[in-house]
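Chains here go by letter, A, B and C, matching the order in which they are written, and residues are numbered from 1 within each.
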Amino acid sequence: MKNGLHPLVMIALVAGVTLLGRALPTWTLSLATIAASNALIALGIVVLARTGNVSFGQGLFFAAGGYGVALIANAWGLTDAVAQVIIGAACGGLLGLIVGPFIARYSGIFFGMLTLALSMVFYGALVKSTALGGSDGFNVGRPTLLGLSFTDPREADFMLYAVSVIVTGFAGIGATILFRSEFGLASLAVRENNLRVEYLGISANRVISINFVIAAIFAGASGAFALMAQRHIDPQFAYWTTSGEFVFVAVLAGTQSVAAVFVASMALELVRSFSSLYLPNTWQLVLGVFLLGVILFLPRGIGSLWIRKRRKRSTIAANAPIAAETGAAS
Amino acid sequence: MNPVLSVRGLEKKFGAVVAADALTLDIAAGQKISLIGANGAGKTTFVNMVTGYMKPDRGSIVLDGIDISRHSPRSVARLGISRSFQIPQLFVELTAAENLSVAISGVGTRMSLRAPAEADGRHDNAIELLERFGLGDLADRPISELAGGVRKLIDIAMALVRRPKLLLLDEPTSGVSAEDKFATMERVIHAVAPDAATLIFVEHDMEIVSRYADRVIAFYQGRILADGAPSEVLKDQAVRRYVTGGLQ
Amino acid sequence: MNFFLTIVLDGLIQASWLFIVALGLTLVFGVLKILNIAHGSFYALGAYIAASAVTMVAARGFHPGIGFVAMLVAVALIASAVGLLLERCLLKMFYGRDEVVLLLVTYAVFLIFEDLTKLIWGVNPIYATQPYELFGNLEFAGLYYVGYDLVLIPISALIGFAVWFGLNRTVIGKIVLAVIHNEEMSVSMGVRVNRVYAVAFAFGVLLAALAGALTAPKISMQPGLSSDVIILSFAIVVIGGLGSIEGAAVGAILIGLARAASVHLMPEAELFMIYFIMAAVLVFRPEGLFKREMARRI
């Protein structure tokens, strides 16, 4: 299993992309920030999808992270961007720790429905709670970094871009290590045949729960980014169509490659900004057609464009006839 | 000497069908036991109960002093009983070596975050096991590209990873052609020997049974019809009438 | 006492149209094993078509009763055609794929319909209130109700009965039931499952659109309608058990009552209540209240 880059190369890549932000025009910068932030939550869905479970309710953790950060920011004046990401991740992770073990027992459609139901329970509660602004939500101040506040909007945008690219980049590196690991292999095994996994003495529920918590942490951090970018939060964070869009990115990316998640997320944001610019009210139409196309022609996501080729090559090389193999024994 | 496995008064009903009726037997270390019986006689139900997949209605299953009759498949596996399946249960999108790596990562209490290839050499065992079954050169092939007979062997290899106290094989030669069946069974017996001394296999082929088993248990309608050396059991009148169909 | 009666009546009015939507959703799941996210879009489609039909008829000065009939006919025709077309040209390509994949396909259809309705009918609210006055106001146990609302209850019951009768007492219905319970077996008995799929899906679309049409005079049609309705009907079929008709009825009544009760007792807690019930049912009875145990095959 030598596919993929060395972690050090990946760190260099993250640094390069971060510095690239200096050269990007402003509109690309905020677009890339949103793409990185969406990639983070979609990456979580991919992590979980490798156990065979698709969550239609990541909005739950997305909103938990966002609201957690927003409440702490307004109560204690904690505006540091890095601290906010950590708080968001912690809020998502803690909630994931509560929900994960109990939800791991379900699979397939029931898993999807239950995650959706839980996010909608949260949505319903948020709409109801007047202390949190009800369905209108509330605003938060500009984030700072290490005591610096950014009054120049261009600098503020770059700061947010840098933090989101670095955090998402490191999450990506972490996910790559996870995918290649023993644990990652066991996760794939759970997706294919969880009963056999149990027969091998491995707890499928535990494997799913751990992946679930990782996905929740990513979603919580992503919620913190969304909050920092919009400086506003409302229950829409937890609504099912929000989660749906993240699932879309994950499906587009497929479960084979971390890089694909970033590509998919960026592609989605580009399409979104172009279609809202030139073709108003067709954004979801484009999205839907796009999704159908991917499911039909690239069932394993755009990641399969480069991963599958590699596999094919190696299998052709090892093309020993099976019949000869069994025949030789007799 | 204490038996490895001790079964007492095991009962299981599916509605009106009695799949296990007062099954009582002891299995000593080192025995190679064949379970025979017509379809629906209760062999697979017995295997399913011993491996924790089904809970018996009544009775006990004791493995080395621990009653496992209420344990989960995972717990039973960790206590030392492994099984293979009549229809191989593999992870078809993974390679043969990866399949065994998954099995290996289940040994011990925690999984590593390192890649199997880099993790402390315990995954060398995966290749070694495949080689023992004569499948070393297929290690990097995805299961989806492998033939049924090969899958069956990999399924058995995975069950061996834990070096089980007791290994249950569900029809190891089903689906193998008549010419290949002895060769396949020969391979299995030799490959299994270093890691699993005590073996139970469900088998329909009486030639295989008489050649490889040193004890035969014949099932009929959930009960044990006969239990003993192959030469005696296969000659038994009742066994000939209800199990082997008087063909021999 | 009056207060309690208000809640029950309001709940039943809600339940009546919710049941029609959920019935379609549960039938489609039962036959095709697809959890159809686009189901809410068909509801919205029905509502919008109905609005157009009503407005057209009213503009020509006809009686609102004619508008009412016209909207039902228009919706029935268009919805059946849309349903058949979608099943034959799109869904068919994905049969045999994982159930989650089919879920995503219907999600894509949902997204497409969201914008199609915007492109056709715009983003501003549309009204079609003419038929709402059709039955005047009725007094019931000292309470005044809009007649149209009360009429929905027997209409819904009638549709429910018709579906039940159609499934259990007609040959076509029995074939559909056979496919629901054991598809392999019915294929081997010579059932042309493809046709059953097409008919069942089109019928599911029809039911959703009819519910949309029937509620169109009561509400304002605007974007977001479909995502709210699908989430309500999901809750209903999950509570009742996916694929169960009795379940859909009980689920609809439960959700209808819960909505009505929270509107009167705890405004805005409505959504919370509904999903809370749904989550609780999923946790304790993931197969729903009415689903019989399904044998697991390994």
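Rule of thumb we're sticking to: a contact is a pair of C-beta atoms (placed from the backbone, for glycine too) under 8 Å apart; a residue touches a chain by one contact, two chains touch by 3 or more.
Owing to the predicted nature of the structure, the values given are computational and were not obtained by experimental measurement.
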{"item": "Taking each chain's C-alpha mean as its centre, the one farthest from subunit C", "value": "B"}
{"item": "Most centrally placed chain - per-chain CA mean versus overall CA mean", "value": "A"}
{"item": "Subunit A-subunit B separation of Cα centroids, rounded to whole Å", "value": "42"}
{"item": "Averaged-CA centre spacing for the pair subunit C and subunit B, given as whole angstrom", "value": "51"}
{"item": "Between subunit C and subunit A, distance of the C-alpha-averaged centres to the nearest whole Å", "value": "33"}
{"item": "Contacts with two or more other chains, residues of subunit A listed in rising order", "value": "195"}
{"item": "Contact set on subunit A toward subunit C in their complex", "value": "54, 102, 106, 108-110, 112-114, 116-118, 120-121, 123-125, 127-128, 134, 195, 239-241, 244, 247-248, 251, 281-285, 287-289, 291-292, 295-296, 299"}
{"item": "Footprint of subunit B on subunit A - complex, ascending", "value": "1, 177-178, 180-183, 185-186, 188-189, 192-193, 195-203, 311, 314-315, 318, 320, 322-323, 325-326, 329-330"}
{"item": "Interfacial residue positions of subunit C with respect to subunit A in the complex", "value": "35, 90, 93-94, 97, 99-101, 103-105, 107-112, 114-116, 118-119, 123, 227, 231, 234-235, 238, 242, 266, 268-276, 278-279, 282-283, 286, 298"}
{"item": "Residue numbers on subunit B that touch subunit A, as the complex places them", "value": "51, 72-74, 77-78, 82-83, 89-94, 98-99, 101-103, 105-107, 111-117, 119, 134-135, 137-138, 140-142, 145-147, 149-150, 158, 161-162, 179-180, 183-184, 187"}
